[in-house]
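Note that chain A is present in both complexes that follow, paired respectively with chain B and with chain C.
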Partner chain A sequence: MLEKKFGAGPWFAVLLMVGACSALYEDQIKKFDWRAENVGKLQQSVVDLNHFQPRILLSTEEGVVASVNVKTGELVWRQVLEQKPRGAIKLLQVSGFSDESSDTAAAPIGSNLGFDMLTVQGHAPALVRGWNSNLGAIEWEWSTMPLNTERAQEALWFYSHSVLYHVVPTWRSHLEVTAYFASSGHSTGSSSKVIASWITAESCLLSGSYYVCVDGKQLISIDLASKSGQVIRTALESQPFGKLTALAGLNGVVIANGKLISVNKDQSVCNSLQSSSYAVGSFNYRKIVVYADLASNNLKINAMYLDNCSPVVELEQNVPFPEHFGTPQLNSFDCMHRKNGDGKGCLFLFSTSAESIVAVQQGRIRWSREESLANVIDSLFVDLPLADSEGTLESEMKGKAGDFTSFDRDIASAFLRRITTQAVQIRSLFLHVIGLGPPPTATQRAGLVRDSFGLHKMLVLLTQAGKIFGVDNISGKHHWQLYLPNVNGFDNAENMRLIVQRSAKHFPLQPLCTILAKDADNGYGVLYRFNPITGLASEGGLLHLDYKIKQLSLLKETEKDFVRGVLLLDASNEVHVYPPHATPLADGLYLYTADVKTAELSGYFVKYAGGKLSSTQIWNARLGGHNSEQQIIGVAAKNPIEHVHSQGRVLGDRSVLYKYINPNLVAFVTQAPDATHKSLLNLYLVDVVSGSVIFTMTHRKVRAPLSIVHSENWLAYSYFNEKVRRTEITTIELYEGKTQANSSVWSSLQAPPMPLVERQSYIIPTLVEVLRETITERGITNKHVLIGTASGSIVEMPWHLLDPRRPIASTTQGREEGAIPYIPELPLPTESHINYNQTVARLRNIYTAPSGLESTCLVVATGLDLFVTRVAPSKTFDLLKEDFDYILISIVLVALTSGSLIVKHLASRKLLKQAWK
Partner chain B sequence: MCLKFIVFAALIYSGAGEVVIGQDELVDEVSGLYTIEGRVAPPESIFPPGQGSPGSRGAPMSKETSKWQTEVSITINDGEFKGFVREDGQFIISGVPSGSYILDVHHPDVFYEPVRVEINPKGKFRARKVNYVQPAQIMQVPYPLRMKPLMPFKYFQTREQWKITDFLFSPMVLMMVLPLVLMLVLPKMINDPETKKEIDNLQFPKMGNDMPEISEMLTSLLTGKQPEPKDKKPVPAARQTKKRKDQ
Partner chain C sequence: MSTKQSSKKFKWALDFNTSKNGDMTSPLGYNPAALVNQTDAAGRDQRLVIKKSWDLALGPLKNIPMNLFIMYMSGNSISIFPIMMVGMMLIRPIKAMFTTQVTSKMAEGAQGTGQRIVYFLGNLANVALALYKCHSMGLLPTHASDWLAFVEPQTRLEHYGGGVSFI
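== the complex of A and B ==
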C-alpha cells in the first residue's frame, strides 16, 4: 500500500511537468522572436502605379505569387503555390495594367468571365488560376492534362486577346498549339500543328505570340496567334553568343547580344541600343524602352521613346549600386500617368544575381528585398565581441594572448595591472558620463556588444545563391551582407558549408568564419574567410583551391592563434589542411565518406609523417543491398559541440542504466523500392572510426519523407507508413548496461561492448518536415525535440513523450522511473507550438545553438520564411522570471524589518514593565 | 486496351491532344485526375461578434475578415496538391489522381479538423474522419466537403494574476499564520492565573534572551548606532528573577 502511494508521487510530477511544458505568454509575442517573410527569386513582375491602390504583382521561382507595397516593399498578400514541379509558374498575366487594349481581358473585373490576374503553373496537369489581385483570393481555376507528359515539360504559354495559347514543342519536328478561353478553360476549337523542323531546345524561345529560333546568322520565327502560320526570316549582323531572351511587353521582339531585334514587322524597335537589360512601358502616354547597365558599382538607367528613338532625358539617372546585390537585371517599371511628368514618379524594379529585388526611384534605391533568404542552406550563431573595458579585463585574466612569455606570476605586477585597468575603467566611465569618452566603434554603435547572458548573437546565414548575411538575432536587422558570385554546392547533393575557425572567445584576435563551396566553372573547391561580426574578408578572403573537395573535418585549435584548421579530403583521396601551420594536428585523425547514390561508405585514417599528410582507406561498407538498389536518404551524426551531462539513467530499483555514448556513431538511412513491400527503409548505426555496424533495423512499406535527429544516446526519425497511411516517429535509445566498460575514455578501436537497444514507434498526426534537438551550453537542461511540420509550425516535444522506454503495461517499475505509459499517438498541444501563429512557409530546416545561459537554446527555422526565437526546455531556471514582482518582495522585506524593530521595542518595554512589577 | 480507350475518348472530346479537367465527369474518368470540391466556413464564424482576433496582430477581426482567404491554405500531402479559397469560401483542388488523401485546412489562428478524402479508380468520392490509430474505423462525413472551424488555437499561457486569496491560502502563509495564532490565542485561553504566570516567567525570558539580541545586532548594523545599554538591562534582571524562582 505504502509502495503504491509512493509510486503515484513521481507519476503525478511527470504529468504536471508535461502539462506545464514551457509555453509562451501572450505578452511575450515578438519579444524573443521575429519572422521574415520572403517570396523567392523574382521571375516576372508587373509594377502598377496607376491602379487605385499602387502595387507590384510578382511571381517567383519558388512558386509564389504576391503583391508588394510600392513604397516600402512589404508584402500586401502572398500565395504560396504547390511545390515543384506542380507549382512552377510558367506565366503571370495581369489584365488592365497595360494601355495596350489587346492584352486586357474582354470582361470587366469582378465578373466570373474576366480576370484580374492569372497564373499558369506546372505541366502535368497544367493549372490555370485566376486571382483577385487586390485580395489575393482565387476567383477561378481550371486545369489541363496533356496526353504526353514528357513533352509537356517544355510547354510554353502565352496570352493574347483573352485567349490562352498552349504551345508544346516536339524538337526537330513540330509545334502543337492549343487555344483556350483564358477564364473558362473551354477550347476555342482551334488547335493546330505547325511543322517546324528547325526547332531545338537551346535555340528557341517565345516572344509574345512569336516563336523565335536562331539558325546560324538568322532568326526564324512564326506568329502562332495568326491563322496563316507564315514563317518569317530575319537576318542578324552576327551569330548570337548566348541564348536569346525575349522582351516582355513587345510582341515579337527579342534581345540578341544585347541588341533589340524585332521579328514582327508591325513593331519597330531602336536597333542602335546596346544594353544588358531592357524593359518596356509608357511614360507621359508614350511608349518607351528603358535599359539599365552596371558600370563600376554605378547603375545607369536610360530610356528611349519607341516611336522616334529619341532619348527620354527625364528618366536618365545614375544610381550607386552596392556590390552585394550582384548584377542587376531590369525586370519591369512603371510611371505615374501624368501630362509632362518629370520622371520622378517612375519606379524601376530590378532582380539581381544575388536574388535581391531592388526598387529604384528618383536616382536612389527606394527599397530592396533579400529574396536569397528563401533558400538558407547553413546558419551559425556567433558570439558578439566584448565591450573594450571587459576585453582588457579578460586579457588580464588569461594573460596576453599570443604573448605568453611576458606573463609571469609576479603578484606585485599583476596587482599593479589590475589597479591600472580598474583606474582606466573608472576614468572611461567618468569620461563617458560627462560625454568626453572615446567615440564608440562601429560594432558598438550598432549595439553589437555581448550581453551578460550571451543571448544576443550574430546570426550568420549562408544562402544557396552565394549571398551571406549577418543578422542580429534579437532585432532581425541585417548588419552586413556579402555576395560570393560563381559558387555552388558540392557533388553528392551536399550544400555549401559555413564553419567557425575561431570563435569570439580569444579577445584581441577577431573571430574567423569560413565558407567552403565549389567553383561553378571548374568544380574545384573555394574557401572564403571572413570576420562574422563585420562581414569583412580576413586572411586574404577568397582562396581558390586546385582540387575538388570530397570531405571536410575540423581540427582542434592551434596553440598559437587559436584557429581550428580545416581538413579537406580531395577527389583523389589526398588530404590537405588549411591553414597549413595546423597540419601536425591532423595526425591520427579518422574520416569517413558516404556516397549517396551507391550507398557506399569508406573510412580513412590520416597520418602525418615527415612533414607530409597521407590518408589510408581502412574500411568500407556497402549498404546498397544485394542488388545495389538502396540509396542513402539520410545521414545523421551528433552535434560536435554537444555535452552529455548525465552518464546514465536511474531505474526504479535505484540502479543505474549507463548510456551508450559513442561520439563516433553515425546513423545512415537507405531506401529502395521492393517487389513485395513496395518500399523498404533500412537504418544502420555505424561507428565511423572502426567501420563496425552497431545496429540495423528494417521498416517495410515505409517511405520518405524522412527526417532524422541523433543526439546523446538516442535517435528519432520520422517516415511515412504506406500501409496505414500515416506519419510515424521511431525512437531508439542505446544503453551500455548496468556497468560502464570504461568510464573515462571512449575508444572505438578497443571493441566496446554492443549496446542494449530500446525502440518504440509513435504516430504523429501531422507531416514532419524536420526534426532537431535543442542544445545547451553544458547539456544539463532536458533535451527536447523540435518538430517542424508541413503546415509550418514548430512543435517542442519533450523527450519524455518520445522515450522508447515508455512502458506499455503500467508497471510500478516504469512509474518509478518517471516514464509515462505508452500511448501510440503523440499529442501536439498548441501551447508547445513555439512559433504560435507565425508559421514558416515551406519549412525546410531548423538550426539550434546554445546561448550563454544553460537553460536557453537559440533556434532559427528556415524555409521560404525565416523564424528566429529561443526556447527554454526546462524553463528558465537560471533566470528570475520576467514577471518577478520586485515591488512585492521589497514591500515584504521592508515590512518585516520594520515589524521586527517595532516588536523589539515593544518587547523591551514589556520586559521593563515586568521587571518593575 | 485501356490506353487506346483513353486516346480515343480524348480525341472525341477535344481533338487537341489535351484534356481539360473540371468540366465534365467523363473527362475526369478519362484522364484519371479528379477534382476535390468543398467549402470552408470563415474562421470568424466561431467567434462571437465584436470580439478581437486571437492572434498577435491585435487587430480586430473585422479588419482581418477580408484577408482570411489568403491566410487559409488547403493542402494535401505536404503541399503536393493545394487548393485556394474563393471569396465565398468555396475551393477546388484539381488534377488529383485517385487515392487516399488527408486534406488539411490550415489557418494560423483557428483549428479546422482534417478530413480523409478517398477517390477510388472509378471516380467515386468518399470523405471520412481521420483516425490515425485505427485506420480501419470509418466515420463518413458528407462530400462535397464542408470544413468548419472547430476552435481557436490557444498558443499562450495565461499569466498568473496576483490575488489576496491565493496569497493567504498558500501553504507558506498558512504555516506561518497558524503557529502565530497558537502563540497569541492559546495563552489567553488559559484561565488559571498561576499557570499563566508560570508560562510567562518560563517562556518570555528565554525569548527575550535570544530574539532581541539578533534584531539588535541587525538594527545596530543598519542604523550604525551603538546598542543602548538601556535595552540590555532588563535581560539580566529577567535572568535573575528566573534564577531566583528556580532556586
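== the complex of A and C ==
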C-alpha cells in the first residue's frame, strides 16, 4: 500500500478551521480527503527489467490489469475491467517475454499483426484484448461466443506461436481445442476434439500447451499444440496431495508435492528441488529456476541453472519477512542484464496469503502493496488516546460526571485537585520547554494524539483476507497491520465482525477491539482481541472457541473495567459471554436470528439465573410466503450509537407530528420469483423484541440489487424496477401521531401504538450500490443519505429531497412545513458528489462515524479503492469559516476599545470645561 | 457687587428701619383684602389637579384605539418595523407600570388609589394588546412545536442483538 500524505503538520491547523460548503472549492481538493488505489489480489505478473523501460505488468483476481513502477510500487496505470464473471481474467500474455512460447515481437505502430500485451477474460463471450502496455490503452479487441456457455465456464486459454488456443473441457469425456490467430481472432481452422475420458475438474490443469491430469500415481498429459495428440504418461513417486500447480514459463512442467515434474520430453528440470513456490526466468542469458521458502520469518530465495542444475550463488539471499504479510508465493522475477552479473539487479515479486504484493531486491523488501484493502469488509473509527496532561483533567471530569452529589460535597478537594493538576501541567510544560520532560510515548511520536475537535481518528479496517489495518484517517498512513491466518467469514455471506469492546474514553485504560471470525479448518468461532491504537494483541489475543457462532450481541459496559461484553449464541442456542465477568449484564437481553434461505426469524430471550445464562425462544416469524419461496435479501437495523435529537416534526399549523422511534425495529426485505409479476419484493418492519410485524409492503415487478438504510423513524431502499427498467428509491417515514403514547419510556412489550406510515417513491437516474446515512454525535445535525453509485461516485442527498411527506400538490401547508413539492426524479447535481473526480472503483460499501464536532461526520468508502473524507450535512455551523479574518476582527476590536476609552476621556474633559464657563 | 448696591442706595432705597413697630411692611402692591377668596381658589386647584391626574391615569386607555390601529396597519409579517412597534407597545406600558409610584406622587389626593388602579389596568390592557399581537405574529411559544426541542428521547427498556444467522 502506498502511503499518501496530504495534510500533515502545519496543514492540520488549517484543516481544523474548515468551513465546508455544499461543494468543495478548488483549493480544498485532497485537503480533507484521500484516496488509495488498489488492484486486488495478484493473479499473474510479468516483471520486465529491460534497460529502456523497466515495468511490471499484472492481472488480478478483481479483474484489473495494471502496470506498476518497478522502483516504488506505485501504479503507472490501471484498468478496471468488467465485473466478474465477465471480467475474470483468464490469461495475461506479454510479448517479448523470455518465454519460448512467445515469438511475437512488439507490435509495429499502425499494424494489428502483433501485440504488446494480451488479455483473455470471461467465458461467454470471451473477450480478447490487445493493450498498449505503456499507456494502458486497449488497441484492439475481438470476442468469441462459445456454443455451450455452461461448459465454457471451465474453459482455459493458452498462447503458443502467435496462436491462442481455447480449451473447453467436457469432464470425463473430451477436450475441444480451437485455435485462433491471437491478434485477429480468425480461426486457424483447426478445431479439434481430443478424446480424454479421464479428465475431471479437480485433477487437471494446463501447463503451457500440455493438459496434465493426475491419475493415481501417474500423470496423464496431452500436448494440445501438437498435431499428433499423443497421450504421455509420467509415473510419480507418490500420489500428490492437494492440487497440482503449473510452472509458468516452462512448457509442460508441473509442481506436485513441492517438486518439479516435467511431462515434456524436451524440457528437463531439476528433480531434486523441493520448495513451496517456483518461478522461471533467465539470469546472465541462462535459464534459471528460482525457488523461495519461508522459514521462521525469514524468506530464503535460492536459484538453480536449468541446464545443469547447479545453484546460482549470486541470487541466494535471506530476507527478513514480517509476519503480517502471511505466506509468500513467488509470482515472477526478472534480472537486469549487467556486465558483472552480480545478481543485484534481480527483482522478485511475491504474492502473499495476506494478499500483499511484495517486491524483494538485494536481500531486502524493496516495496510492498497491501492489496487486501481492495476487499474491506468492516471499518471502525477509534478515538485516539489523550495526551497525558489532558488525561488527568479527563479523570477529574469523569469524577464529576459519575457522581454529582459527592462532587458537590467535596468542592474543596476538587478545587485542590484542579489546582494541582494545572500546576503539574505547567511544570511539565516548563520541563518540556527546557528539554527535560519525559520522552513522548510511541503513539505520541507517531502524532497519534487526539485533537480538540475529534476529527483525527484511527481508522481500523478489516479485510476479507483476514488482515487488519490501523490507518490514520487524515494522512492515510498505515500505522500498524495485523494478519490473522486461517480465518474466514461466516456462512450466508456474513462477513467477519469488528467490534469495539472498550472505547478510548476510559483513560488510562486502553481501548479494546475484537474480531469475530470462523476458523477455516473446523468452522468454530475465533475471537481476536487487540488494541486498535497500537495494533498489538491484548487480553490474550487469539481465542479459539469450541462451538460455532450463530449470532452475537454487544452488552452494556461493565462498571469494573468498562468493557462491553460480547454475547455469543452458538449452534445449539447456548449463550456465552466474553469476558466472563460481564455475564450478569446479559440478563434480559433479546436476540433474534434470521435464516436467509427460509426467511424465518426467531427471537430469543436471555436469562441469567443462578450464575448461568440460558436462552429461550420466545417468538418465530415466517416471512417465506405461502409457498416458502421468499428469501431474505436485505436486513437493516438502526445504528446502535445513533441519537435522535428531535422527537417530532413541526407541521404547517405549528402542531407536532411525533416520530415513531422504535429502537427495536428492524427492516427485512424478501424477494421471490412470481408467476404473474416476474418477481416480488416484500418489505417487513419487525419489532425484534416482541416479534410483531409493524408494517409490510409489496412491490411487484421489482428485483435486486437492493440497498437499504434505516435510521431514526425512516427507511430508504433502492431497487430495480423491471417494468420501467430503472432504479427507484422508496422512502418510508413512521409517525406516532399528534400525541405521544408514552413520552418517557419505550417498551416494545407494552403494545405501543401502530405508527402512521408515510411513503413515497423516487426515480434515481443511476445505479445504486450502497446507501448510508450520515451520523453525528448528538443527532442535532440534519441527516443526509450518502448514495454510492455503480460508477464510483458518492452523492450526498439531503433527506428533505427523499422525504415521503413531499406534497404532490403545492399546498400552503406543505410549504409552511418546509417540504419541497414532489418531483419524481431525484437531482444528482455535481456539487453534491462528495468525491468529486476521485472515483472509487467498484464501490461496495460506505461507513460513517461521528466526529467530535456535532456538525461533521466522518466517511469512508470502500471498494477496490479506499476513499476517506468528512461531510457536514448542515454545514459547519460550529466552526469558524476557513477564510475567517482574524486580523481584521482583532484590529476592529482593539480600535473600538481604545477609541471608546479615548472618547470617554475627551468627553469628560469637555464636560469639565463646560462647567467652568 | 456691594459697591454697586451702595451706589444704587440713593435712588431706590427703602429704609425699613424707619418703622417703629417690629412688623414688616407689606410688599409693594400687596393688598391684604385680596385674601378673602383664598379657600375657594384652593378648592378649584384641587379639582384641577384631580382632573389632570385622571387625564394621566386614563392616558394608557386612550392609547388603545391608536394601538389597535397601528397593529392593524403593521400586519402579521415578521419584519423589522412591526417587530419594533410591537416591542415599543410591549415595553412602554411595562415601563409605565414600574413607574406608577413616581407618576402617582404628582397626583396625590382623594382619588389617588382609584387613579392608580385605572392607570395600572390601562397599562395592563396595553400589555395584553401587545401580547396578543405577538401571539398573532407567532412570537409566543404557545404551540407544542415550540417546546419540541426540550422533549427528551424515550428511554428504552429492552435491548436486542442479533442478525442474519451465521450458520
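Keep in mind that, in the parts below, the second predicted complex is superposed on the first by the 835 of 917 C-alpha atoms of A that agree within 3 Å, B and C clash if a C-alpha of one lies under 4 Å from a C-alpha of the other, contacts with A are read in each partner's own complex, and residues count from 1 in each chain.
We take it that a contact is a pair of C-beta atoms (placed from the backbone, for glycine too) under 8 Å apart; a residue touches a chain by one contact, two chains touch by 3 or more.
All figures in this text were calculated on a predicted structure; none of them were measured in a lab.
Asks: Evaluate whether chain B and chain C can sit on chain A together after superposition, giving fit or clash.
Replies: Chain B and chain C fit side by side in the superposed model.
Asks: Regarding the shared-chain residue A:Arg78, is it in contact with chain B (first), chain C (second), both, or neither?
Replies: A:Arg78 contacts chain B only, not chain C.
Asks: Pick one for A:Pro705: touches chain B only (first), chain C only (second), both, or neither.
Replies: first
Asks: Who does A:Thr839 touch here: chain B (first), chain C (second), both, or neither?
Replies: Touch partner of A:Thr839: chain B, not chain C.
Asks: Using the superposed model, measure off the angle between the directions from the CA centre of chain A to chain B and to chain C, in steps of 10°.
Replies: About 50 degrees between chain B and chain C, seen from chain A.
Asks: Comparing chain B against chain C, which has contacts with more of the residues in chain A?
Replies: Partner with more touched residues of chain A: B.
Asks: In the overlay, answer first, second, both or neither for which of chain B and chain C A:Trp34 touches.
Replies: In the superposition, A:Trp34 contacts neither chain B nor chain C.
Asks: For A:Phe381, is the partner it touches chain B (first), chain C (second), both, or none of the two (neither)?
Replies: neither
Asks: Would you check which partner chain A:Arg86 touches, where first means chain B only, second means chain C only, and both and neither mean what they say?
Replies: A:Arg86 sits against chain B, while chain C stays out of touch.
Asks: For the combined overlay, can you note the least CA distance between chain B and chain C, rounded to whole Å?
Replies: 12
Asks: Under the stated contact criterion, what part of chain A meets chain B in this complex?
Replies: Per the touch definition, chain A meets chain B at residues 23-30, 77-83, 86-87, 125, 127, 129, 132, 135-139, 141-148, 166, 176, 178, 180, 185-187, 191, 705, 724-726, 763, 765, 767, 769, 790-792, 824-825, 830-831, 833, 836-839, 842, 883, 885, 888, 897, 900-901, 903-904, 907-908, 911-912, 914-915.
Asks: Inside the complex, what are the residues of chain C that reach chain A?
Replies: Per the stated touch rule, the residues are 138, 143-146, 148-149, 151-167.
Asks: Considering only the defined contacts, which chain B positions touch chain A in the complex?
Replies: 6-7, 10, 14-23, 31, 33, 55-56, 66-67, 69-70, 73, 75, 77-82, 84-87, 91-92, 94-95, 100, 102, 104, 106, 108-109, 111, 130, 132-133, 135, 153-160, 162, 200, 204, 207-208, 211-212, 215-216, 218-219, 222, 231, 234-235, 237-238, 241
Asks: Note which residues of chain A are touching chain C in the complex, please.
Replies: Where chain A meets chain C, its residues are 490-492, 494, 518, 548-554, 556, 567, 569, 571, 588-596, 604, 632, 635, 637, 643-648, 650-651, 654-656, 661, 663-664, 688-689, 740, 742-749.
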